[in-house]
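Structure provided below as structure tokens; questions to follow.
So that you can tell them apart, the chains are marked A, B, C and D in the order they are listed, and the count of residues begins at 1 in each.
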Amino acid sequence: MTDDSREHVLPDSDEELETADVEGFDFTGDITLDTVLDSYATTGFQATALADAIDIVERMQDDEATIYLTCTSNIVSSGLREIVAALIREGHVDVLITTSGSLTEDVIKTAKPFKMGSWDADEAELREKGINRLGNIYVPSDRYVWLEEYLNDFFEDFFAEEPVRTPTDFAAELGATLDDENSILKQAADNDVPVFCPALTDAEVGNFLYYYRQQAEEDIGIEILEDYETLIEDGMLANKTGLIALGDGVPKHHAIMTNLFRGGADYAVYVSTGMEGDGSLSGAPPEEAVSWGKIKNADKNYTQVEAEATLVVPLLVAQAFEF
Amino acid sequence: MTDDSREHVLPDSDEELETADVEGFDFTGDITLDTVLDSYATTGFQATALADAIDIVERMQDDEATIYLTCTSNIVSSGLREIVAALIREGHVDVLITTSGSLTEDVIKTAKPFKMGSWDADEAELREKGINRLGNIYVPSDRYVWLEEYLNDFFEDFFAEEPVRTPTDFAAELGATLDDENSILKQAADNDVPVFCPALTDAEVGNFLYYYRQQAEEDIGIEILEDYETLIEDGMLANKTGLIALGDGVPKHHAIMTNLFRGGADYAVYVSTGMEGDGSLSGAPPEEAVSWGKIKNADKNYTQVEAEATLVVPLLVAQAFEF
Amino acid sequence: MTDDSREHVLPDSDEELETADVEGFDFTGDITLDTVLDSYATTGFQATALADAIDIVERMQDDEATIYLTCTSNIVSSGLREIVAALIREGHVDVLITTSGSLTEDVIKTAKPFKMGSWDADEAELREKGINRLGNIYVPSDRYVWLEEYLNDFFEDFFAEEPVRTPTDFAAELGATLDDENSILKQAADNDVPVFCPALTDAEVGNFLYYYRQQAEEDIGIEILEDYETLIEDGMLANKTGLIALGDGVPKHHAIMTNLFRGGADYAVYVSTGMEGDGSLSGAPPEEAVSWGKIKNADKNYTQVEAEATLVVPLLVAQAFEF
Amino acid sequence: MTDDSREHVLPDSDEELETADVEGFDFTGDITLDTVLDSYATTGFQATALADAIDIVERMQDDEATIYLTCTSNIVSSGLREIVAALIREGHVDVLITTSGSLTEDVIKTAKPFKMGSWDADEAELREKGINRLGNIYVPSDRYVWLEEYLNDFFEDFFAEEPVRTPTDFAAELGATLDDENSILKQAADNDVPVFCPALTDAEVGNFLYYYRQQAEEDIGIEILEDYETLIEDGMLANKTGLIALGDGVPKHHAIMTNLFRGGADYAVYVSTGMEGDGSLSGAPPEEAVSWGKIKNADKNYTQVEAEATLVVPLLVAQAFEF
């Protein structure tokens, strides 16, 4: 050893930091949702991000922000569907932006459940049995037979009004027909929460629109500019906005892009499994949106929890909202 | 040690396997693109997946399959834009499905380049300088000023024809105005490759459509059912189909969903950074699509390369296609 | 549309599955740790894996299995240190396998805390200030000055006994000197839980061993075969074994490799952020270990939660163990 | 639209950047390893990181740095074993730090190959057939029967010299017995490249050491402090050092930790699939090591390629080294 080497290993400085000590839950006191999750703030890594997310979502509400919830369809495939419905039911969400798969699956679940399955299934065997797989969730094919009939009846009325309609009208009028308190679309319809879904064709809802269009007498259509205008202009009228993005893709981008028109969202919480290093929107942390002006650069007004949503969303909702 | 323990460690069987030996490149012979990539087949892990992908894309072509290329907008942000344009230019791609961000960025690049930047920028500082960040790529804001003017002129003609148009018409007519051999839209227009983009509003193209719509005399619109019908029906007419999905999201799902109508795609190659464990379409391996009938279950007709696209797409294209 | 196409979209079969319905928490009843986490079993994706992990850890205990906890040093950097100490304190863990970084950091924390920091720090500036970064956790350099003195005193006694010692002896004798109920090493020493750490040199503990060795009169050493023998043979004597692997690397592999000698672990729960597709042990799911005989192939006796540990370990411990 | 909103969307500034244009390979000229990989520098995202890695490894050599290669055992399971052997054979590597699994597998491959297999095997069936799985690579169990005999003979001589030995001695003397130009250990022995492996017990090599120790007359051992001293002191004598870390874990940490004693490595290239957000060493980007002084903070002297190693290491080696 040389003095020189030791110097490298043991820098002189021992400046004290004014931040909190890292300190986890020690299981000596009461063990409740509150005590456990309170400890996350000083546990470090993603636990701290979840604690920050809870804090930001609470501040969104204190600030009476217009709250945008965005989600991909895996959220609705899973039991998080019930949580999204509960948030809308209780008036905690003002705008929902989602995918065609979400709408498809929410409607099916009003009639017949999805079933727990296995990640490691024999796909060809499932195909023969008419079972469709979504991760460890199974959807028997009869669900889609039922859906086709249901939607066909609905389309009859829906396109009778006008031949060219919007995705938000589709969601609102369809939701109004549903009878299930755990349905996202039903709760959205009942609570006047608009449901934006620009790529409405991109799932079975689109397939049945295609079938219906072939047999329809008129030239029916889905027009998407009107919804985009509404989303932008309602955003500009909001005093404050807060985004909760569960998953990535078009729903998340639609929310941040339209918030650009008001100088950025005031608050943003992302829950994502995306990879930053691929340069995609899906993997981009909220920091990147600041350079675009899609999220404002204020004091700790955004965070990202790097986690699969089913693990953390029930906790985030339980702690940040009143029920 | 007991006999019993040893038995667990050293099973009796030594059955010989008839598969290839694992054997990598040993740098003793010629070092060329061919020799290096040939060694990937027996290198294991993702190298083998890349070798399989090259093989499947070659078989797509031997089989005269209709080739669908799907890509997210980060592909176009990066230098893979030039590669997608080259594939279309040489007649290697029959259908392109992409995002609004891709169209936006392809048009901008016909006039002004994107610039290399840094992942770790100070976002607020970038915002002040009018520099937008996409991973380690920078887009100065003047690009969007130029784009607005360019699109405004284009919209004038485009909506004069009819007030309600489709995304494929948008892409084709816009592409025809462009003058850059490296433009995806220009090459698609010149080579009659349809460009599907259901969520056309979801980027700056959408923002400028919004501005234009506000000042337009007529009630302009973008209708998406007609394109979906075309995509499905053209697919049903194809003898064979092959998918190359670069990234995930709506473009990939649109390709596999519409291939469902023909009993599944005959070939599929995914390049993805998605996480299977979140149950998303983005992370779902091609196996999952087999249970849905979106991809056929044949002999080694699909694979997924778990990789960031810029690393592997130039290699895949160089080896699997003729130029 | 042709009949043929429709057939592909709507398979005949509608066989009913006997598994549970997918159903999430609907926020209508009591909101407690129990009610929220109970819903995870039928929420799907990683939530179901966490519910399975809780169940498996409960069964380990019912079965009076010898419980191995393995962890990497980031666990100890974070607030999960307190949780690991609590598990040992309450007699819930029988064997600990970890890294040199874990030992280093546990000892430091008995004297001075780690501090909350930021992921996006200016590294060169931190270096100047003598602040070392571990993700969003900061460790001021004075901690290492203190540690050197503390260890020097300890080494004096430790190597006086014999010049060549084992990592388990190091951990036990060092732990006995510590005075902090939240210390993993102290709790392990007090509760006779052996702490295995084969790569004892691989952190600051190793650096200070190096300094001490240079000035020592005798030729001191750390010998690792004796510990390996103990780990194997104690495992062979256990009626049942259960593994809880927090993170990957040498600690996890040491646990499953030595369980091979007894025909595999009876239970295994992994919490991991590893990527399966790179063929590493770190990313390999427990299924792979079954082919090696490192984990037994029984009925639902293993699972992996794909998650960053700080998010899920407090929940797993709160639900699966009694305090 | 309001003027105010437009202002947000179109910032005034259009400052020009002096960095390179983003521009990919356009497949109009020669298609060679050189031309394709040259285009990576301006392709963006991870392609740029690979181009930077090639550049940094070239500069290491120009600067006559002592080059440390670190690798995990999946590197040796795969065909990258041949590439590591070639690098040592040609004198391009000065220090190797690796795992016990690497040594185990390198020796087996001198006698019998590993075989290509499948990710989705039936694990219980493989177990019955005596086939061990490593990702998509299979290792029939007879390899381990052979290895035990081979090592038993070797141990006889190895421990006859002295009863307590070091991992570097183990690697050097074992390597000298091997007869395979593609063996890492043989090339290391022939070219006097030390092979560090602190956790020598952590694989089958450890298992057979355990068996041998039980039957040995003397109390054999593996001592790890002496190697650590050598690694530190040789590093301090080097004028410049460069690290190439393939995978993470103990090998990578050993390299950066011992470079701390010389004020940090001069150059570092990581190839990793680790997740930064879990706060682990494995996921930590090279930037984090700068705060610790493990890597120097100079001009573009380090990078990380976020990629599975088999995809990029053959390209990195082909471009950055002479053969």
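One rule holds in what follows: contacts are C-beta pairs under 8 Å (C-beta built on N, C-alpha and C of every residue); 3 or more make two chains touch, one makes a residue touch a chain.
Since the structure is predicted, the reported quantities are computational estimates derived from the model, not experimental observations.
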item: Neighbouring chains shared between chain A and chain D, ordered by label; value: B, C
item: Centroid comparison with chain C (C-alpha atoms), farthest chain; value: B
item: Distance between chain centroids, defined by C-alpha means - chain C, chain D (Å); value: 24
item: Chain B and chain C, separation of their C-alpha mean positions in angstrom; value: 39
item: Approximate Å spacing (C-alpha centroids) for the pair chain B, chain D; value: 31
item: Chain C, residues touching no fewer than two other chains; value: 1, 9, 11, 44-46, 74, 77-78, 120, 127, 131, 135-137, 207, 210, 214, 232, 260-261, 275, 277-279, 287, 293, 306, 308-310
item: Contact footprint of chain C on chain A as seen in their complex; value: 1, 6, 9-17, 19-28, 31-33, 36, 39-40, 42-48, 50, 74, 77-83, 85-86, 90, 113-117, 120, 127-131, 135-138, 140-142, 144-145, 148, 181-182, 207, 210-211, 214, 287, 305-312, 314-315, 317-318, 323
item: For the chain C and chain B complex, residues of the former touching the latter; value: 1-2, 4-5, 8-9, 11, 44-46, 49, 120, 232, 236, 260-264, 275, 277-279, 293, 306
item: Sites on chain D touched by chain C in the complex; value: 72-74, 77-78, 99, 101, 119, 121, 123-124, 126-127, 131-137, 164, 198-203, 206-207, 209-210, 213-214, 220-229, 232, 247-250, 253-254, 257, 260-261, 273-284, 287-288, 290-293, 297, 308-310
